[in-house]
Amino acid sequence: MIVGTDILSMLLGGLAAGMVLFIVSVGLSVTMGLMGFVNLAHGAFAMLGGYVIVLTMRYWGIGFVPALALGFVVIAAVSIVFERLLYARLYRASELDQVLFTIGLVFFMIAAVTLIVGPENQQLMLPSWLQGQLDLGIVQYRTYSIFLIVVGSAIALGLWLGFERTRMGAQIRAAVDNRRMAESLGINIDRLFMLTFAFGSGMAAIGGGLGAEFIGLNPQYPLIYLVYFLIVVAVGGLGRVTGVFFAALIIGVLDFALKKYLPQGGTLFIYALAILLLLWRPQGLFGGKPT
Amino acid sequence: MIGKFILASALATVACLAQAQEVRIGVNLPYTGIGAELAQQIDRGMEQYLKLNPVKGYKITIVKRDVKDPSGGNARNVIQELLTQDKVDVLAGWVYSPNAIAAAPVVNAGKKLAVIMNAGTAHITQMSNYYVRTSFSMWHAGYTMGEAAAKNLKAKTAVVGFTDFPPGKDMLASFRRAFEASGGKVLDEIPMGSAGAVPDFTPFFQRAKDKKPDVFFVFVPAGDHSSAVVRTYGALGMRAAGIKLIGPGDITQDNKLQGMGSAAVGLVTMHHYHADLTNAENQRFVASWKKDYGADSTPDFMAVGGYDGMAAIAHAIRATKGKVDAEEALTALRGWKFASPRGPILIDPETRDIVMNQYLSEVIMKNGRLFQNTIATFENVKDACKALKIPPCK
Amino acid sequence: MSAPGLSEHPAARAMVARHRLRAWEPLPWILAFGFYFAFPNHLGFGTDLLIMILFALSLDLALGYAGIVTLGHAAFFGAGAYAVGLLAHHGVWNEPITGLVIGAAVAGLIGLISGLTLLRTTGLTLLMLTLCTMALLEEAANMGEKYTGGFDGLPNLPIPPLFGLFEFNPLYPRVQYLYVLGVLFVCFLFVRMLVYSPFGQSLTGIRENVLRMHAVGAPVNWRLITCYTISAAIAGVAGALWVQTNTYVNLTSLGLDRAATVLIILVLGGYGRLYGAFVGAVVYMALSHFLAKVYPTAWQLGLGLLLMLIALFARNGVLGLWDRLMGRLLSRRAPP
Amino acid sequence: MSAPLLETRGLGKNFGALVAARDINFRLEPGARHALIGPNGAGKTTFINLLTGVLLPTQGQVLFKQRDITALQQAARVKQGIARTFQINRLFRGLSVLENVYIAVAERLGVAGAMVKPAGMRNDVVEEAMRLLDVLKLSDNAGHRIAELPYGRQRLVELAIALGLEPEVLLLDEPAAGVPSAESHIILDAVAALPKHIGVLIIDHDMDLVFRFAERITVLVGGAIFAEGTPKEIGADPRVRDVYLGQAQHG
């Protein structure tokens, strides 16, 4: 039974981390799939969202859940401004220009946050009902991790339904698969992209807030976790909600397991794993047909 | 890769006499980037020393240069330029050990007194004969804590978690050696990610919890790492499981302590300094600090490294009548004693490293704020790495 | 059959003449020499600058000419650096010139192997693969502490005098500066030759339209692998120089910081053009110097803004901007 | 009937459940002027991709001069003498017209991998590229970058690049697509003036072009050959009229 609870606690911890990865990365996957835009600044929106959530809770005293909603709205609105004014100019630019622009944006945001808020880590004050341990019968585990797993699953289910059942979801799927075809069917790609971008950034903001408790929140956040977000997206396949979901969970659990059972290996395994997966399936585990 | 930054051309000058002899001190610290906070502590420590103990009869000019990061490369260029271009008489600074390692050949070629005010990897003082250290070696706290954990805290088993970089490995080695020599047993050693970013500590702590040790000895860099450690320790219910969290003073760094909240109560640490020490020197130091930088600001062990470093330089200046010839200055500093805010200190005549007290403290809640309560004092502790000649120490 | 006038056509003449030395081309070298005499106390900085130029030049070959968008070029810099560092530290070999050859060979070999496996992919996948490969090497160097010194690196490497005559003085790095300048010059000539050769022309073709290159029967993958290997070898030389002139090696030689910096430098100067690396390195150093003075805590802010502006408005960096300004001036003077 | 230059036998290609090409038996004679027509989605581009080696077939064979080239890569087929143009320009937009053609010629002459001698000193390559541009009346534009040219001229560069490969088989994918009608005669003239020994397969919607140019027409519908014959026969075939000509409003 020792071994059983051991593995169970590892699964719970890994799933919780994976859920955060999923919530942050899903928007990145869809926008990259739609526009082929290499957006390395996605994590910066997650960071900004995290700051909005943590700081409004601290200074305005609003609750955790309302703060999450506020973070979503604020960052979605901010990202629309960025998208219309800046990103839109680069849709047809080369990959390299997109990489540069978004790296520049990351630097800019890191510096801006450092100047305005400060370089130190911001601590999220969890409401009391999320603190401590929860007895699951077989195993006692961190309440907040269980909360993340529940919330992450609900979000994944909601997104999946939205993708499969709504008109806009259908449009997005069509546009990811064949953009020119979708355009010729009268889908307004620019508008679709703007909305997806805003939604994805808003989700990232929620992810930034939800993750602050255990992956921290400081100005360097967009750079530190960039590689993880990109690995999730690349492995999950561009523009695939379910792909990103499973990729995030797999990476979350594997990363947790490797750190717990083979901490001497450092980050070596996760990089090696990403390389092997990408060589095996360059379009991602759940990616579409190679075109 | 970034070459030189004459960062703050702010030349802090303390002029006493118009025609006083000038002594130029070249300070290398990470004034920008993640180390900026540390640089500020050391800077203020130096400033406080000069304010509380003016060096009369000499004009002291401080040339500050930014080394940005622990890459070694910047520090090396900065120190080369301090020597050849700014013609400094004394070198000082060094927050990061790799910078002291990388700069050693330049320091040797430059033949100037070089005072290390923070970097704590044990063997770096042996890389140049011009290095004098007024901060600490990782072995000071680690080794003493190893003994104290077995003897004072009566622990039989321990798990060690450490950030996977040289100071962390030093800390692991020193703690394990002393703890096992005192009859304890280290059940597991867990490398917990790199110093560059605060990791999610959950998997590492989960592993430690599964081993059910008496104490969990953790070393992480001061600052954001330590807040996350305390939080994860609380969230995983390790205290309820009967596991005591202990470590060197880095995890209860003074200027971060109040931000940790009540989760920090009960932490037991070993260090050479905390701001709640009750000696007269420290009370004068802390009072002056709070007056100058605000009541919320607290000096920490880095500040005292800067304070004592400047004290050493001042002693060298007086002893050499302002010439600060390296050989003469070193002779003067070997065996030099000083009443520091951290208690009495001595520069070991053989190793040029510091000899000082170590304090075992427990965090308690007192008058609504977290307070470090000294439980036991270990006097005149030497760097055990060099005393025991454990490689790479000689 | 061939009209005699064809080879006299201006376009043909431009093509025939494009590899010839232009009047201003000695200028950077004269400036580099001038620096030696003008700033004898900044030669440590100057040496690092020259090494960065060489590194950026190597990246230009892969990224600027062949269009391989990589985020992991520091892997090769680090490979060259560690090759030289490890051999010197363990007392196997430390002669400088042959050290460069070894650094180039090791980095080139890693370039060849990774090129064989990675260059089949493009876009995000390639970006991630180059990034992860570099991170993997960095972590390996960190973990192989017994040999590599881990995070602390290998200090105090014994590097003997150049040609057995010229000592590397750590305090006054005159020899280092001239040595690096000489190596940079040789490597530059080599890159220049490649760029103007038919091989270089076909790399540009791959960058401009890879599908068309397939359709003209070009062995695209082999060309890319060849280019990537050469580029890696030159980066290895830069890394080897860095170790020899600093007499130590540590993890920063193959981190993301270095890879990002070299990318920024190249783009700032202008990629796909021989002198972009030179202009970029000088501008970056000057800017970081200036901004760090004015805004010590956040020169990143200025750098970020600059990158965004370049990506948005000044495609292809300072030299690209210069070209366009000159183009506008010329067209105004001489209406078409 | 002489031996065919290019031939397919039972060629088929499936994308999952979708059949893009089915049992295609096709012959292109030396020096032929052959057109391939069919409604949208008939599989014309798939067929070209199968011929050039961009796609590998699910079934069947491709033969060039009666040798099986089914397994050959695209580059190897080019070396054998199969060249193509693209429906949408695929040019080196940042390079000059001369450099565009230079790349193709250098590739054919096998000097494109050479690293030492400057490209400009390969007089043979430069001269041949210039000669080609002269033939296509592009020499005035030789120094211009592609991006500076009007679209019609760019289409000519497509053709020049393909001719620089000295093909025996030339596959033209909608050579006049996107060219304003005022300029399209330039393309038509150039196509009409192609050297006689090249076997040309032209794929197009433009019936004027097809009927003016082709000696033989193949109609592709739903991935399979629907009809084949002379322009007269095809024009008179009522079934073709039904499925294609009428529907496409071209007749």
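Should a chain be cited, it is by its letter among A, B, C and D, assigned in written order, with residues numbered from 1 in that chain.
As a working rule, a residue touches a chain if its C-beta (ideal position, glycine included) is under 8 Å from a C-beta of that chain, and two chains touch if they have at least 3 such contacts.
Since the model is a prediction, treat every value here as computed from it, not as a measurement.
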{"item": "Of A-C and A-B, whichever chain pair has more C-beta contact pairs", "value": "A-C"}
{"item": "Relative to subunit D, chain with the most remote C-alpha centre", "value": "B"}
{"item": "Closest chain to the centre of mass proxy, which here is the mean CA position", "value": "C"}
{"item": "Subunit A-subunit C separation of Cα centroids, rounded to whole Å", "value": "34"}
{"item": "Subunit A-subunit B separation of Cα centroids, rounded to whole Å", "value": "38"}
{"item": "Distance from the mean Cα position of subunit D to that of subunit B, given in whole angstrom", "value": "74"}
{"item": "Chain centre separation in whole Å, for subunit D relative to subunit C (CA means)", "value": "40"}
{"item": "Where subunit C touches two or more other chains, by residue", "value": "142, 297, 299"}
{"item": "Per-residue overlap in subunit A, given as positions that touch at least 2 other chains", "value": "264, 266-267"}
{"item": "Chain-chain contacts as defined at top", "value": "A-B, A-C, B-C, C-D"}
{"item": "Complex contacts: residues of subunit A adjacent to subunit B", "value": "6, 9-10, 13-14, 17, 119-121, 123, 131-133, 140, 142, 144-145, 213-216, 218, 220, 224, 256-257, 259-261, 263-264, 266-267"}
{"item": "Residues on subunit B engaged by subunit A in the complex (per definition of touch)", "value": "34, 36-37, 164, 190-194, 196-204, 206-207, 210, 223-224, 227-228, 231-232, 235-237, 259"}
{"item": "Complex interface listing, subunit C residues touching subunit B", "value": "41-42, 44-45, 48-49, 52, 142, 150-153, 155-156, 169-173, 242, 246-248, 250, 252, 257-258, 261, 285, 288-289, 292-293, 296-297, 299"}
{"item": "Subunit C - residues contacting subunit A, complex", "value": "63, 69, 71, 117-118, 120-121, 123-125, 127-129, 131-133, 135-136, 139-140, 142-143, 256, 260, 263-264, 267, 271, 297-312, 315"}
{"item": "List of subunit D residues in touch with subunit C within their complex", "value": "52, 54, 74-79, 83-84, 86, 90-99, 102-104, 106-108, 111-123, 125-127, 130-131, 134, 139, 142-143, 161, 164-165"}
